[in-house]
Amino acid sequence: TGFATSGTSGLTFLSTQFTPVEEAERFRALLRKGFDGDVGYVTSDPGPFATQVRSQVDAGNVRVSLLGGLHGDLAPLAPDHLEDLTDIVSDFSSLGWPPEYLELARVGTDRTWYVPWAQASYVLAAHVDALQHLPSGADAEDLTYDQFLDWAVAARRANDNRPMLGLPGGPKGLLHRFFQGYLLPSFTGGQITTFRSPEAVTAWEYVRELWRNCAPASTNYDFMQDPLEANEVRFAWDHVARLVNVPKREPDRWRMMPAPRGPKGRGYMAVLTGLAIPKGAPDQDQARRLVAALSRAETQVELLRANAFFPTVRTQIPDNLPPAIRMEAAAVAKQRESKGALLSLPPVGLGSKEGELSKAFKDCFQSIVLGGADVRSTLDAQAKVVGKVLAEAKVPCWAPDPRGTGVCEVM
Amino acid sequence: MTAAVKRPPKRIGMSPWVLLAPSTVLLVLLFGWPLVQGVLAAFQDGDGFTLAHWERLFGDPYFGQALLNTLLLIVIVVPIQLVLAVGMTLLIQAKPKLAGLHFYIWAIPLAISDLAAGLVWLTVFADRGYLNSLLIGLGLSENGIAWLSYDNPTTMLLAVVVAEIWRATSMVFVIVVAGVQMMPPDYDEAAQVFGASAWQRLWHVTLPLLRPSLQVALILRTILALQAFAVAQALTGRNFPLLVGETYQWYVNLQNPAVASAVALVILALSLGTAILYMRALRQPSAGGPR
Amino acid sequence: MAEIELHNLVKTYPGGTSRATDDISLHVADGEFMVLLGPSGCGKTTLLRMVAGLELPDAGQVVIGGRDVTYLEPRKRNLSMVFQSYAVFPHRKVADNIGFGLRMRGADPDEIKRKVAWAADLLQLTPYLDRYPAKLSGGQRQRVAVARAIVMDAEVLLMDEPLSNLDALLRLSFRAELKKLVAELGTTTLYVTHDQVEALSLGDRVAVMRQGRIAQCDSPTTVYDHPAEEFVGGFIGSPPMNFLTGTVVAGGDGGLLLDLGAHSVPVPEALRSFSDRQLRLGVRPEAFEVARGGDLESPGGLGAELEVFEPLGSSVLLTVSLSGHQVKVQAPPSVRADPGERLRLSLPADQCRWYDPETHLLLETS
Amino acid sequence: MRPAIDLAPLRKRRRQRVLIQLACVAISAFMLLPIVLIALSALSSRTALTEFPKPLLPSELSTESVTAFVGGTGVVPAFGNSVLAGVYTVVLALLLGAPAGYAISRFSFRGRDAYQVLILLVRALPIVVLSVPLATMFLRVGVDDTVFAVTLVHTALALPTTILITASIFVGVPKDVEEAALIFGCTPGQAMRRVVLPMALPGLAASSVFTFVLSWNEVLGAAVLTLGHRTLPAQVLASLADSPNAYRFAGGFVLVLPALLFIFVMRRYLLNMWGTTLR
Amino acid sequence: MAEIELHNLVKTYPGGTSRATDDISLHVADGEFMVLLGPSGCGKTTLLRMVAGLELPDAGQVVIGGRDVTYLEPRKRNLSMVFQSYAVFPHRKVADNIGFGLRMRGADPDEIKRKVAWAADLLQLTPYLDRYPAKLSGGQRQRVAVARAIVMDAEVLLMDEPLSNLDALLRLSFRAELKKLVAELGTTTLYVTHDQVEALSLGDRVAVMRQGRIAQCDSPTTVYDHPAEEFVGGFIGSPPMNFLTGTVVAGGDGGLLLDLGAHSVPVPEALRSFSDRQLRLGVRPEAFEVARGGDLESPGGLGAELEVFEPLGSSVLLTVSLSGHQVKVQAPPSVRADPGERLRLSLPADQCRWYDPETHLLLETS
């Protein structure tokens, strides 16, 4: 029945993270160093990941002991397909997980379904060539969205009318997070409730304008590090893990910066990965020990060093990091700590509906920016979709929307 | 001394169903139940029958686009591939020098997965890809052309068409070659003697004799073309949505199996529709085989 | 308008060890009916294929109607052909098969219909016009192939064993029609057959082939009566010519005699150079005259013992032992005899053919 | 009186052959160029990949990406699994599919068209919507995470192609030859094996090529059915999408190589015949 | 050990309008050599295929060696067959083709080799043993098919026009060998041919078929000399029997005469019931005796005018006009005449066959 490909015979750790071969190898090394048991680390795309877990649990024949994934990968599996991990979280509460993450991990219930593992965020990366087109008086570390736009325009003009800015709008790109967590909160102060507010209209019109100064190939970019490295674009917004290789070759020619701020503050989003145990998993004790090991501060720092995912536990970020990660860490910190910082969370408690919510944002982009549709009417139409998704899920709002008691809905 | 006539065995020789059984059993065992579930999913929610998923689907801005693109792609690509494959077969039949090598090279794209094929052509059509490098190198263009840009739908379609042709013509080609290899040369010779020109021979003799192979090639090609989206996705992202891509999108990214099933049923309907069409159009004249 | 000239055609199949046709030259006059006859595998089909342009000769030239066509495409040669393997299109109904050539030529549909009906009638295919060839018997398929060729009214008609699977009656009637047709149209015909009666009765001339060469090409009667080589005599005629080897000795009356052992046969004066040497005598089985019993050793008579008696319907075939040689004799059906009986054969001098025992070629006697 | 040999047709033929030759070369170039490009890309160093305008030959060659790719955990055993699954699938699909193809070509029975349409259902429905029920089923039976499970699914996916292609080929095998085999002492099975199958070799080869390549490149089924015994695509193809370009090219290239070998082997059977089918 | 009994075999092809075999019953004794003769499309191949088990009859029974095999698989019938279409395996070399049946039967390899060599030698295929059939000429392929069948030494041998593409010489020698072989082994043989000489010389009995029925099944001489139906007489013999219709009148001497117009022919007493009614006279072309010119209207002589003169080698064929009827006459090769010349024919009474003009059946005269 074939050759074993997981490298060991120990417990199986299925994850949607660190799929690139290099990252996976580094993580496996980390596991070997930081844990005394045999762990087979198996990566998977989110689709097969969900399929595997669901079918294994449904069939009552669970092979996987531990799951690693984004909040969005894990949340849909709770509560039917995951073990209740409330006890672990309370056992290790001293580790200092931020409460909003624990909130996320409850997925709208009163139990905890996964242990926060690592976090990441999104920042701007720019080559020094691009920085010289910054509008005068602008502070690269503290841009407003208007300055950002001016910068893009100036860069385009200076470059034979070819835009220097790129955004990850490809099928696997995370552009919708830009709208959900950065642009809209910065312009409107909210994510859902303000979905069709007049400020939202302004925001979308801004995107339209920005897009004109954005490399057209952006709709194909999944990760910005390749186009940046290849000089196709000179500055871009993306996930930290997807930018980490950019400064590798010429570390001193690159800058990492916090995202711009808007009238309502500097919206930013945190990405959370978590560890979960499938319902009825074998070797649960081992798995719990592994969770504990991965939650140790040293291990999480190692992870940052290896794969550019930031610790979720309270810890000091050391200085001896590789340059790229150091730059990112600095930018992330600045983003979080600057005045007016406005944290956005990925949808909380939507379970398997999360994708459809994100789709609403993508569809707005598609219609308004690419399709040239009227902003107002598009927002109204998509607001209905959003409303329906939320109504079905019956969840309260999450940051930055005011967290009420009732069901979250578009104003 | 007449021996008693034994009653004729009910089945004479082998009943076709004996031969069909193993494959049918496997297919039904493996796919029967999932298939039923998939179909039902499109019409059910928690409390029974519903058309909500379909409404959701038809309300989706991508769906119409995907349907259109899919049809467009099939209508453009499949005929070109068929013609090309027949042409290539004729070339090989003309026994050029190094025929074996050419044949091998022409079959190579078969071995390439969708994803890799998409990648390959991305290096060609990307803004900073080989094609633009060439154009610039030849001085035909200053900065190259944004082939895959969302605001160049024509070049985008062109790129996808070229890539699909490259990737999947081999399949038609190999089927057609296999068919031609079975064909006795007598018929072509007879046609030559009776004054048929090369075209007439192709049209009146070779193609009709190839009918079974062409039918199969067309059916498979269309169905598989309906299944392939990795190439288009690699080249154009979501700018050129295709129906199967939408299925994946709904199933994997949006975690909505019901709508995904609905899309899948649309694909199914398209596939079977074309398959039946081909079968009707290319029906064997009576059961009579050659000879 | 369409005589066929073949000049020194040489063809070796790829991978073949010997030549399929070996330096063949042949001239078929306009409107002539030329029959090719020869053992299986001697190159008849190959020759036809070169004339048709389906095979290119390694060397030599093909001229049709004064125009060199050696390397011309088949369709430009204005000829039609019956293939030995029929090559009836399986995907077309009989009627479409027959009309194929006309359709390719862009003939008028009514004209096509008329001609198809005519050919089908001629070959008794009318009931099958609407069938696919897979549903025909072997002979019916062959007739379709023949019909397809004759409707073309081409200048040159090539037929490769076109009647091999047909019964005698049909052959007979078709042969007559074909001869009429060909004469009317002035079609030049190259006709391969293994049926000697067909060859002799149909051909203006007969070319007998052997191992890629033409052994003799002459009128049927000449080929039959004066085989240019022993091979031809042995090949044509059923049963074939008898050959007897003997030594030429001086006869009592100063003439020459062929000494066969117990018997001797007079040898013409012209062969005096063979005195005391060996010589071969060829005699057709029907050349003997047979008498039963009677005056066995009368002069000019050869006594022989009957070994086998075979009635063949229109004649009887006798296998007799003549001075130790086994000889086949064909006699009228009225002759009756029993094995073991002694017969008296007489042999008219003008029925004797003489061959050089070394070259096996016919020797001139007049 | 004897006209000169007219060499014009021969020249024309030669010209035609040259044209044919050229056409072949052109098509070969079209088919080959992308392969060359991916090979070059896979062998380029990372820096060379980012050049623009790109030279045809990269400025710097390196096997770094390829070796890193091949060196990944589980890649070599996964390669073995892929080969196993591919070969098993080819064999199984032929064993199950060829008889069905034969039945379709030889018998005209009621429901033949319906049957053909039915088997197409399998290929026509995107497998992704079947993945959860399918995986659940395998888990229930307890054969998940084995090459066997992958083989089964791949066989089912390949059957429609196998059945249809072989059917179209069997139509071309003359019936009388098969009957001759029956007369000379073959059981119907033997007649199939000794006479019909050898004559149908090109079609069998064609369908084998498809089957193998399908199994070799299939990701989704293999990914949901296996964890610790993955095939190569399941092990790495998914990760390729998330990897930097250099890896994607390396991976794409490495995946192509064995399939190339397979086609190379099958090529002979596709082209080589004993001349013709006889009358 | 293997006589073949066919009882009331009926077969209609699917979609066919008429019966391919229509209630055929036939008994072939063990070791008998039965020849099937009949026009193209009359059902010969169909009959053979039912005996072989390749086609199942709609009704009726096939018994081989006392065992009912009507629905038995072909391979269990212990028979071998030469197909009209040869059905040579294109993917096997000639040697493998010939040895195929033996291999299937699990014969010893040496034995196979020996037998293949023997058959190849017999059919002059030795040089081609290593070739694929595609590289053979038509006749060579046919010989492979024959060789493949005869090496089997099966109890029943079915041959469907096995020699149709071979030359006379080869046929002749093979025929002799076949006859010897079959006699040695005691093989029961069913042999389809369209060659009458073959049929008459080879068969122990000849079955003449017509439109799915057997018209006559009897020894060759009986079939030839006493055709049971006009059809048989017209079908066998080349040229076929002449038929003349006349009215029976009372002759001068009290006997009966058939009045043909200008001539009359005596009618046997047994046919007195036909007085004043029409009657058909059948005469074989070679039954006439021919004299040139001379006493044209002598009693018993029939004056006729020569229309066509055809030399056929071993005989000459005369087409003459006799009381307005066209009559074919075969005469010895010594006869020479020119068209338009008047000939005197005489007709021995024992050569006359009489047929009922309505049923076309032979009338008994003794």
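Should a chain be cited, it is by its letter among A, B, C, D and E, assigned in written order, with residues numbered from 1 in that chain.
What we mean here is this: a contact is a pair of C-beta atoms (placed from the backbone, for glycine too) under 8 Å apart; a residue touches a chain by one contact, two chains touch by 3 or more.
Every value quoted in this text rests on a predicted model; they were computed, and no experiment measured them.
A.B. asks: If we look at chain B and chain E, which chains touch each of them?
C.D. replies: The shared contacts of chain B and chain E, listed by label, come to C, D.
A.B. asks: Could you pull out the chain whose C-alpha mean position is farthest off from that of chain E?
C.D. replies: Most remote chain from chain E, centroid-wise, comes out as A.
A.B. asks: Provide the C-alpha centroid distance between chain A and chain E, rounded to the nearest whole angstrom.
C.D. replies: From the centre of chain A to the centre of chain E is 93 Å.
A.B. asks: In whole angstrom, what separates the CA-based centres of chain C and chain D?
C.D. replies: Chain C and chain D have C-alpha centres separated by 55 Å.
A.B. asks: Between chain A and chain D, tell me the centre distance in angstrom, where each centre is the average of that chain's C-alpha atoms.
C.D. replies: Computed value for the inter-centroid distance: 39 Å.
A.B. asks: Can you tell me which residues of chain D touch two or more of the remaining chains?
C.D. replies: 52, 128, 131-133, 137, 174, 176, 199, 241, 251, 273, 276-279
A.B. asks: Specify, in ascending order, the residues of chain A that touch 2 or more different other chains.
C.D. replies: Residues 45, 47, 222, 230-232 of chain A each touch two or more of the other chains.
A.B. asks: Identify all positions of chain C at which a residue touches two or more other chains, and write them in rising order.
C.D. replies: In chain C, residues 73, 85-87, 135 touch at least two other chains, as defined above.
A.B. asks: Given the complex with chain B, which residues does chain D contribute to the contact?
C.D. replies: Those in contact with chain B are residues 17, 20-21, 23-25, 27-28, 30-32, 34-35, 37-38, 41, 52-56, 95-97, 99-100, 102-109, 112-113, 115-117, 119-126, 128-134, 137, 152-153, 155-156, 159-161, 163-165, 167-169, 171-176, 188, 199-200, 202-203, 205-206, 209-210, 213, 216-217, 219, 233, 237, 240-241, 248-249, 251-253, 255-256, 259-260, 262-264, 267, 270-271, 273, 276-279.
A.B. asks: Would you mind writing out the residues of chain C in touch with chain B in their complex?
C.D. replies: Residues in contact with chain B: 52-54, 73-75, 78-81, 83, 85-87, 89-93, 100-101, 103-105, 132-135, 148, 152, 158.
A.B. asks: Looking at the complex, which residues from chain B come into contact with chain A?
C.D. replies: Touching chain A from chain B are residues 60-62, 122, 126-128, 143, 146, 148-151, 233, 235-239, 248, 251-256.
A.B. asks: Could you list, by residue number, the parts of chain E that touch chain C in their complex?
C.D. replies: 13, 15-16, 37-41, 45, 84-85, 135-140, 142-143, 160-161, 164-172, 194-197, 200-201, 220-221, 224, 234-240, 284-286, 310-315, 317, 330, 332-333
A.B. asks: Which of the residues in chain D come into contact with chain E in the complex?
C.D. replies: 174, 176-177, 179-187, 190, 194-195, 198-199, 201, 273-279
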